[in-house]
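Down below are the structures I want you to see.
Same chain, two partners: chain A is paired with chain B first, then with chain C.
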Partner chain A sequence: MINKLYPAAMAILAVLLAAFPCIGPEVYYLSFLFSIFMYVILASSWNFIGGYAGYISFGHAAFFGIGAFATAKMATMLELPPLLTMLAAIPAGGIAALVALIVGYPCLKIRGPYFSVVTLCFAFVVDLAVKNIEFLGGAEGLWIKFMDIPEKTSRTIMYELMFLLMVITLAASWFLGRSRFGAGLTAIRSDEEVAETMAIPTAKLKIQAFVLSAFFPGVAGGLFAYYLGYIHTDAVFNINISILIVLMAMFGGGGTWLGPIIGAVILTVVNEGLSTFAQAEIARIIYGALFIVVTIFMPNGIIDFFRKKDGMT
Partner chain B sequence: MDAVLIIQSLISGIMMGMVYALLGVGFSLTWGVMHVINISHGAFGLLGAYMAYSLLQYFGVDPIVSAAVSVPLLFLVACGIYQLLIRPITRAQNVVMASMILTFGLAIILENVMAIIWKADPRVLTPTYSSGALILGPFYFQYPHVVGFGLSLAGITAIYLFLKKTYTGMAVRAAWQQPEAARLYGVNLYWISMITFALAVSTAGAGGICLALLNSFEPHSHNLWLINLFLVVIVGGVGNVIGTALAGLIIGVITGLSMAFLPFLWVNLVTFGLLMIFLIFRPHGIFKQEGI
Partner chain C sequence: MLEGKKITKRFGGLTALSDVDFEVRRSEIVGLIGPNGSGKTTLFNVISGIYAPDGGDLFFENQKITNLLPYKRARMGIGRTFQIVRPLTGLNLIENVATGVLYGRQKKIGSREARERALEILSFTGLSDRARKLPSELILEDRKRLEIARALALHPEILLLDEVFAGLNPTEISSAIELTFRIREKYGTTIFMIEHVMKAIMNTCSRIIVLNFGIKLTEGSPDEVANNPEVISAYLGAAYAKC
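After this line comes the complex of A and B, so read on.
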């Protein structure tokens, strides 16, 4: 019963969210939902490699940043009109995926925490390289031309585009979780040696998952660059974004479809709420305590906790 | 390039590397023995540095002396934290991951508590001898740097001797190599974990004081410290004390040389790039020997 209602409920929710700008909400709410969509995309696509395959990447913000800078660079170099810039986010995602292919090939041979550290270093290297190379933007960052339309209209367009990307990402995540490909990744997470002996092409699956998980953040980064209008390394390569993505996915429950969504929504809302209602340091302390409480009481994520309660382990 | 200048920055790099090695030893031990990656390790180091700062500022206590107070204090605090926070998560499916999330939260809390108490301004430890310097021929070393280096060398030696010579230290090594066998031989794994964790946190405090003698610090400095910790520990091999010390020296030499030859912004790029390449080819450290 629940399984039949589930897609229907999701579809209704999607239609409602898509129609949300029609009721003329304030720009603040559009921006707020925009950032929720963005983090859902980041956490869900991280989940391809981090959750299903168990390869915890701590450098996923690098792909987000690569997408942002590639879009900004294309926009400024080719002097694209604003609407085309948004489409430039797609090849920018391609560039992020290409980087993932090159980096992933040697890195995915390393397992466990070592993989996490190498991806962390990768994020730093990309950040520092962009900062130091003038062609890529340098320390000053890049400006993108705004559209000549009212702020509300442009925000609505950004909202719908990010929403569309989120739907595509979640659809990919949904099918991945139910495909042979996803099953292969889960096998890698459970025991890579056994998976290999069972003739699962582990190396190929891992690289495919990694490339796919870099593509969506790349496109999201492109949209985000356009949304900000000005892009700086600190805004997109910040190590905290990388860590936040991992925490969102693990917080909700890695390796499930719903986990990263729940984690991303809760943490973004909590972050926003705390920064509005509490003093900065106090807000951060409460935020930190949240991680501790959740790990102690739900060490395997929120989803797992509620599943156990329902007795459907 | 002036040869004197190169040697000077090489030695500065080595001093720095040694201090990171002291910070890294504890990090390496908790990772190796307990499979807990303590993201808040750098923050505890910073706490040690701030305690030394306050004791120096208000009571005129020298950092070396105050280490004798703050290190045992941190040991006790860490025992409490182990009981309250770390022990419950050893049930998780993925202890490494759960510990990283939990200690990440702990690091955020510590950072902001420190920001409330000591404000976000950069601080420096200025003991009475801070303006003096040791002059050896053409070379010039500030006394705080020499003291920090000496203190960290002593700290690492002490940990090494503890692990090699004492009964408890041997039990820690046994728990790291063969937890089940160690349990069969009557090693209380629970106690060993607690001692390892507390030892790691207290040496982090000592390392933090040493680092504060070399550099200025502020509440968010622990992030940068943590990255250097990962660097030292991975290159040295997880759980390997001598390896960690040597890795500190190697990384110190690399940082020193790149500081002499490259513009400042490129130094970190070179360091992280090297670590990445290193990890790809030798993920388990430079030393073949598996052990402490």
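After this line comes the complex of A and C, so read on.
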């Protein structure tokens, strides 16, 4: 029963979200949902390598930023019309994936906390490189031409595009969770040496997962660059974004389909709520306390906690 | 089918294996024994590719495999279990075995069929009624059976069993011996096993290889090995070898 209702409920929810701009909501709500979609994409694609394969990357904002800067650069260099700029987000995602391939090859040989540290350093290096290379925008950042249409229309277009990307990411995540590829990654998380003796080509699977997990944030970064109109390294390479991605996925439950979605939604809502209703200092305390509570009582994420309560394992 | 020539493995100053020659022929059940620290598990790790040997060569079905990655060796048909059981934690028994089936050597199949195959293997190893449990919920005997089930999922040509009898009680040992024979019968798998439990080794193996301090001491039929003074001396001290 539940199994049949589940996809139906998801489909209805998707249709409702896609149709949401039709009722003419305020721009604020469109922007708010836009950022939720974006974080769902980031957390869910991080989950490919961090959740399924257990390789906790602390540098995922780098791919997001690479996508953003690549899009902006392509737009300014080639003087693309606005609509094509958005399409440029796709090759920008490809560039992020290519960087992941190059970086992942040596990095994925390192296991455990060492991998996390290396990815963290990678994010800092990319940030510094972009800041100091004039060609990429340097410390001044890059401007992108806005579309010559009312703000609400352009926001609606951005909303729908990010929504579409989210649906694609989640579909990829759904299939990955049920595929041979996903099973192989889960085996790697559990015990890489054993996985090898089960004829699982661990090196290949890890790099594939890493590349895939960089592609979607890259495209999302491209859309985000267009959404902002002006990008600066601090906006996209911020270490807080990397940490937030990891927290969202872990908070909801890594290695599951639903976990990162729930984590991203809850944390974005909480963030937004706190920044609206509470002072910055108090917001931080509440935020921190929330994490401590979740880590203590739900170490494997919210999803796992409720599953255990239901008696399902 | 599996042959090692002058296998040497050093850990720093310690030579764990030195010039070990061995051969396992198709359909045999061969035992590998030796006192603690004699290099048995190291030899298995060299065969399955977890360690690279410092010298010597390995051949499987007449192909040199010395430098192949572990997963490639598994794909060729070398399956193994681990002495200290290493199930995929967090996955139930079906998922543990189905993962092995998905990447195994039989033709490519979907997840549903993989689960069915996994259930067959689990019932073959006597775990079908616990198929939905997590490995952490099993007793030791069943975890050892799970190790075997997961290795069988590969559909190996040769199965390296690393002390699957250790820690079991006499009844469990008898049923594990029976399982060993059934594996060879049903899957036609050649078996190479490390064992300390004498009852198990005497009853199953047609040939036994003895290691001591990383050197091959002798090899032969169970009776020959059991009566070899050098073997007795290695296990019990020189004084016992004389009587």
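By our rule, the second predicted complex is superposed on the first by the 313 of 313 C-alpha atoms of A that agree within 3 Å, B and C clash if a C-alpha of one lies under 4 Å from a C-alpha of the other, contacts with A are read in each partner's own complex, and residues count from 1 in each chain.
Methods note: contacts are C-beta pairs under 8 Å (C-beta built on N, C-alpha and C of every residue); 3 or more make two chains touch, one makes a residue touch a chain.
Remember, predicted model here, so these are calculated numbers, not experimental data.
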Query raised in the report: Just chain B (first), just chain C (second), both, or neither: which does A:I12 touch?
Result: neither
Report task. For A:T202, select first, second, both or neither according to whether it touches chain B, chain C, the two together, or no partner. Result -> second
Report task. Have a look at where A:K109 lands relative to chain B and chain C in the superposition and call it first, second, both or neither. Result -> first
Requested in this report: See if chain A has more residues touched by chain B or by chain C, and give me that chain.
Outcome: B
Query raised in the report: Who does A:E193 touch here: chain B (first), chain C (second), both, or neither?
Result: second
Report task. Identify the partner contact of A:A183: answer first if only chain B is touched, second if only chain C is, both if each is, neither if none is. Result -> second
Report summary line: So, in the complex, the side of chain C touching chain A is made of residues 48-50, 69-71, 74-75, 79-80, 82, 86, 88-92, 95, 98-100, 102-105, 111, 134, 150-151, 153-154
Query raised in the report: In the complex formed with chain B, which residues of chain A make contact?
Result: 56, 106-107, 109-114, 117-118, 120-122, 124-125, 128-129, 131-132, 239, 243, 247, 250-251, 254, 281-282, 284-285, 287-292, 294-296, 299-300
**Report entry** Complex contact set, residues of chain B against chain A
**Finding:** 31, 37, 85, 88-89, 91-94, 96-98, 101-102, 104-109, 111-113, 115-116, 223, 227, 230, 234, 265-266, 268-269, 272-273, 275-276, 279-280, 283-284
Report summary line: Seen from chain A, its contact residues with chain C in the complex are 178-180, 183-184, 186-187, 190-191, 193-203, 313
